[in-house]
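In what comes next, subunit A is part of two complexes: it sits with subunit B in the first one and with subunit C in the second one.
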Partner chain A sequence: MISIKDEGYEINHDPAERLVKFDGTLRLRGLNEYQPISDMLDKACQDSEHLTLNVKSLDFLNSSGIAMLSKFIITARKNNAKKITIVGSKDIPWQGKSLNNLKRLMPALELIIE
Partner chain B sequence: MDTNSNIVRKQISLILVGSFIVFVILLIAARISTHNLEENAQRLENLVTQNNAKYQQLTIMSDSIRERMLIFFDIINSDDIFQVDSLILESARRAAIFIKARNALLRLELTAEQRLQIENQKKLLSDSQRVFSSITEQVMDGQTNISQEEIRSVRKANAAVLTDLEKIRNQQTMLGLQELILAKEANEASEGKITLLGITAFILSCLVIAFIIKQLITQGKALAQALHELKGYNATLEQRVELGAQELMEAREDNIRMSAELDINRQLQQIILPTRSELAEIEPLDIATYMEPAEEIGGDYLDVLKHKDGFLIGIGDVTGHGLESGIIMLMTQSMVRSQILHNLDNMKLPLGHVNETLFQNITRMSSNKHLSLLLLNYQHIKDNNADAQGVFQLTGQHESVIVVRNNGDLEVIDTEALGFPVGMVDDINEFVEITQVKLRQGDLVVLYTDGITEAANAKEELYGFERLCQLCQEQHRLSAQQIVDNIISDVQNYIGEKAIYDDLSLVVFKQR
Partner chain C sequence: MKNSTLESVEGLKQKIFDLQAEVARLRKDYADLELSLNTVIEHGDTIEEMLAQNNVDLKSEICARKETLVDLQSQFHNITQQKDDLETLVQMVTEHSDEIDNHWQEKYQVVEVDSLTDGLTNAANRRHFDQYLNTEWQRAIREQNEISLIMFDIDFFKSFNDHFGHSSGDICLKEIVRLAQQCISRPADLLFRYGGEEFAVVLPNTSIEGAIKLAHEIKESIADAKLSHSPAISSDYVTVSVGVDSCRPTAGMQPLELIDSADQYLYKAKLHGKNRVISKHCYTKRNEKMVKNYGSFTEIKEDKKLESLNLNFLPCSKTVQERWQHNGLSADFLGDYFTVFFPNKNDSEANRIAEVKNAVSYIANELLENAMKYAAENCMLPTSIGLYLDNSTIVFNESNHVENDQAETFMAYIEKFMAEDPNDFYLQQLENSAMSEEGQSGLGFLTMVNDYMAKLGWQFESIDETYTKVTTQVIIKL
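Then we have the complex of A and B:
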């Protein structure tokens, strides 16, 4: 289990489950501050053909975070073999439009809104 | 602090326990020493008492013998029969004294040799007594020619007894001397023992004291370490306080900078807004706009641009707040304006172009901002026989568009599928779509930013899309300006005293 933790948020990568789980609220400033998370996602994506991002407990993600996720998806879609699943919540406002946009960036992406 | 008081408590108990152990060691040493000395003194005292008692009895015995000898000679030389009788009685009394003293002597501790000597004396004395008795009988009978031989034997026997007694006395003296030597040796041995004991006690005490000192030093070090850490904490604390002050100062500077930014942003937003006269020129429409910058300014974009075939309404919301958002809003405005010159024939093009240009600028700025952007291109239909008086094409992803028909019917146009966030990825052309809406007289169109729908009251409850739709439906017969005013006052009533978090932007138009 690889973790990135700070005040208000926690991100855990479980290589065995091929799962990256986000919790809390992410308001980092700029892509520089999101770089460690971005690196974790890239690494997780390289390590397995299938990766699930669970953002059901991510209550807030600012625009830099959405940009970071979008860039990650754009990178991932270049590799046709990659399979990405995103699990989100219908009860969290930021997720509706933003997750759909991710799906539009990568139609092969499996989006599960629970 | 707890650690320190614990250490002090440990030190005190260590000193107390150590002192107690030293005290006990010294006490035991002293006790053993005095016990040894007392034993020696007792032995000497016994010796002296015994010797004195023996000497006393021996003296009494010798004296009795001597007295009896004197009495014996007095008896021999006396011719007074009464005197002889009293002398015989006196002699018997002396004999009794002698026997009593001898018995007392025998009761004392005597050597076997001494006892044997005393036992041997008995025969000598009884023989002597027999001769003594016969002589005294002869004297009593008045005989004058007493055998000189008998007198000599008595004298000899008595002398022998006296010699024996003297021997015993001398022997006793020798024994006493021997005892004294033994006592002295015992004393010397005791002294040795006491010295050894003293040294042992001293060494033990030293060990205990050394242990205590070692413990105290260890604890002292722990205390010093604790103090050092405390100082470290203090230093860190001071540093933090200093940092805090610095941060405060920086925050103040930030505040000043931000309020300056705020002023600039307000001006940016306001100076670029369409003027009333521009809006008045748009004859086919009754149109009104509203823009209220929030306290912490956002990056709302709102524009109404006239062109040769009609006019273009743009509305958008740059993510985040601050000068950067304001600048991106300004750039967006310029880019959109540049599009009306060339690209309005194909409404699929402007959004992709704006995105491409803006993405490059945003990348150059090392910014991660992007914006929602909706473009509405209106054209008036001049043909009086047509089924509509106006038509608009809609493109871009933004908040849903509200249309209230003249009859009060509500139509909501979801724009999610019409575009993509602008400035986030290099190419969004594949996501851009167009939708077209016809307008008849009295139809109302409302565009807004999420500052309206996400305005929150004191309970953090949002104003919401449904409330806005309902209000639009209720008021669709009013003029565009009245509707704007009513929506804004309703939102302001709703949030009450609470500050607005985001810019409030609103475009309301009605087909004339």
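Then we have the complex of A and C:
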């Protein structure tokens, strides 16, 4: 298990489950501060053909965060062999529209809103 | 002939010469032509070689350009893809930002509402009251309108909490707000929890008459709800006391003036027996236009659905007595009470009892008619515990909270009043002893008063808590 955690948020990568789970509130300032998370996602993507991002417990993600996630999806799309699944929550307002928009960047993306 | 022949030879010679010249020229031309032909041939070869080389070069260039085109097309595709991605990304981030904005906006609105709302009752809170009253006050100044303020307070709420517990007290507060809200219909009229069990209603652009009407509706609505009260007090149900005031503010006036004034009337409503509305109308000179012309007391009683009349028997100060003196008795309204002052006499016990009875009789027969007209018209009379005039049953409805040790002082004071000139009676002194924060238990006092009144031969219907001045309240069943 590889983790990145700080005040208010926690991100865990479980290679065995091919899962990256986000919890809390992500309000880092700018893409630079998101770089460690971006690197973790890229690494997780490289190591596995199929990766699931679980954001059901991610209550808040700021604009830099969604930009980071979008760039990750674009990178994953360029590698056609990769399959990405995102699991979100219908109870968190930002997830409905923003996660759906990710499918525009990667039509093959599997989006599960629970 | 010879000449002819000569001429012919010469002619031939000339022809030969000419022909030779022609041959030489032709040879020269031939040489030139041959040279030209060679030159042309050589040039043609050179051109052909050049063309052949050019052709090779062009073919090579075409190949190179085709490769470049493929490369450019690939780059174009990539750039187009990146452009689409960037556009999508920008749109995503924008929409996400909007979503987050909405998220914060909603949270902000919730916090803003919370900051202006009382968490328990959901009524507007004190902070909102201050803002709203100030805003409406300024508007009233600009538009030269009236603004009214109702302040009301739950009667004996401490007893309620002591008996039922604070959780029931909370439920009671919520219910009071719900009942009061039902009486308020205009959007600009706002109910506030002013603090504790005290509430306020700000009524922009509202006359005192409108405010009094609403105040009575609130009071009646709460009384009609019949919310059980503590058995420690005389009233079975929860009631409120209400103070009302109104003004047409001008530049320089402060909202605090209106608050203080309405609060004073609320205090007087408490002072005069609670469960009533007091406003400046109760204290202003009687306005004949406000008095409905009733033909008889029965008519008043039926019209107003009155059941009883409260009378206060009050040891009077000199000033008060001078104001209200009338045939040895003094009487006037104080709020919705009819107050009778004892005569300025040192008399025997039997005479004093007789005087009180006379006062009651006098009020009933002489003063009551006019008094009732005024009081009834202004909805001032209470409907509370009754007693019958014919046997002079008296309700002692004191609300003065006096400790046992202070009760003696209090009683001594009454004795002094009975024994001496009432002009020596100092209400302030009484207030100092009886209204102190320490003197909040009236049991010992009430017991002593009860004994004393029994000694006088007065029959008690009930004994309520005591309050402020030494006021004996008589409630007459109508």
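As a working rule, the second predicted complex is superposed on the first by the 114 of 114 C-alpha atoms of A that agree within 3 Å, B and C clash if a C-alpha of one lies under 4 Å from a C-alpha of the other, contacts with A are read in each partner's own complex, and residues count from 1 in each chain.
One rule holds in what follows: contacts are C-beta pairs under 8 Å (C-beta built on N, C-alpha and C of every residue); 3 or more make two chains touch, one makes a residue touch a chain.
Keep in mind that what you see is a predicted model, and the values were worked out from it rather than measured.
Peer 1: Sticking to the clash and touch definitions up top, decide whether subunit B and subunit C on subunit A clash or fit.
Peer 2: In the arrangement built by aligning on subunit A, the partners subunit C and subunit B clash.
Peer 1: So in the superposed three-chain picture, is A:G30 touching just subunit B, just subunit C, both, or none of them (first/second/both/neither)?
Peer 2: A:G30 contacts subunit B only, not subunit C.
Peer 1: A:F60 in the overlay: touching subunit B, subunit C, both, or neither? Say first, second, both or neither.
Peer 2: Once the two structures are laid over each other on A, A:F60 reaches subunit C alone.
Peer 1: Looking at the overlay, what does A:I74 touch: subunit B (first), subunit C (second), both, or neither?
Peer 2: Both partners, subunit B and subunit C.
Peer 1: Applying the touch criterion given at the start, work out whether A:I4 contacts subunit B, subunit C, both or neither, answering first, second, both or neither.
Peer 2: neither
Peer 1: In the overlay, answer first, second, both or neither for which of subunit B and subunit C A:V87 touches.
Peer 2: A:V87 contacts neither subunit B nor subunit C.
Peer 1: Quick one: is A:R104 in contact with subunit B, with subunit C, with both, or with neither? Answer first, second, both or neither.
Peer 2: After superposition on chain A, A:R104 lies in contact with both partners, subunit B and subunit C.
Peer 1: Touching A:I113, do we find subunit B (first), subunit C (second), both, or neither?
Peer 2: A:I113 sits against neither subunit B nor subunit C.
Peer 1: Can you list the residues of subunit A that touch subunit B in one structure and subunit C in the other?
Peer 2: Touching subunit B in the first complex and subunit C in the second, residues 62-63, 66-67, 70-71, 74, 97, 101, 104-105 of subunit A appear in both lists.
Peer 1: Would you pull the subunit C residues touching subunit A in the complex into a rising list?
Peer 2: Subunit C residues touching subunit A: 85, 88-89, 91-93, 95-97, 99-100, 102-103.
Peer 1: Touching subunit C in the complex: which residues of subunit A?
Peer 2: Going through subunit A, the ones touching subunit C are 60-63, 66-67, 70-71, 74, 93-94, 97-98, 101-102, 104-105.
Peer 1: Which residues of subunit B touch subunit A in the complex?
Peer 2: Answer in residue numbers: 319-320, 366-370, 397, 416, 420-421, 424-425, 431.
Peer 1: Can you name the residues of subunit A that touch subunit B in the complex?
Peer 2: 30-31, 34, 62-64, 66-68, 70-71, 74, 97, 100-101, 104-105
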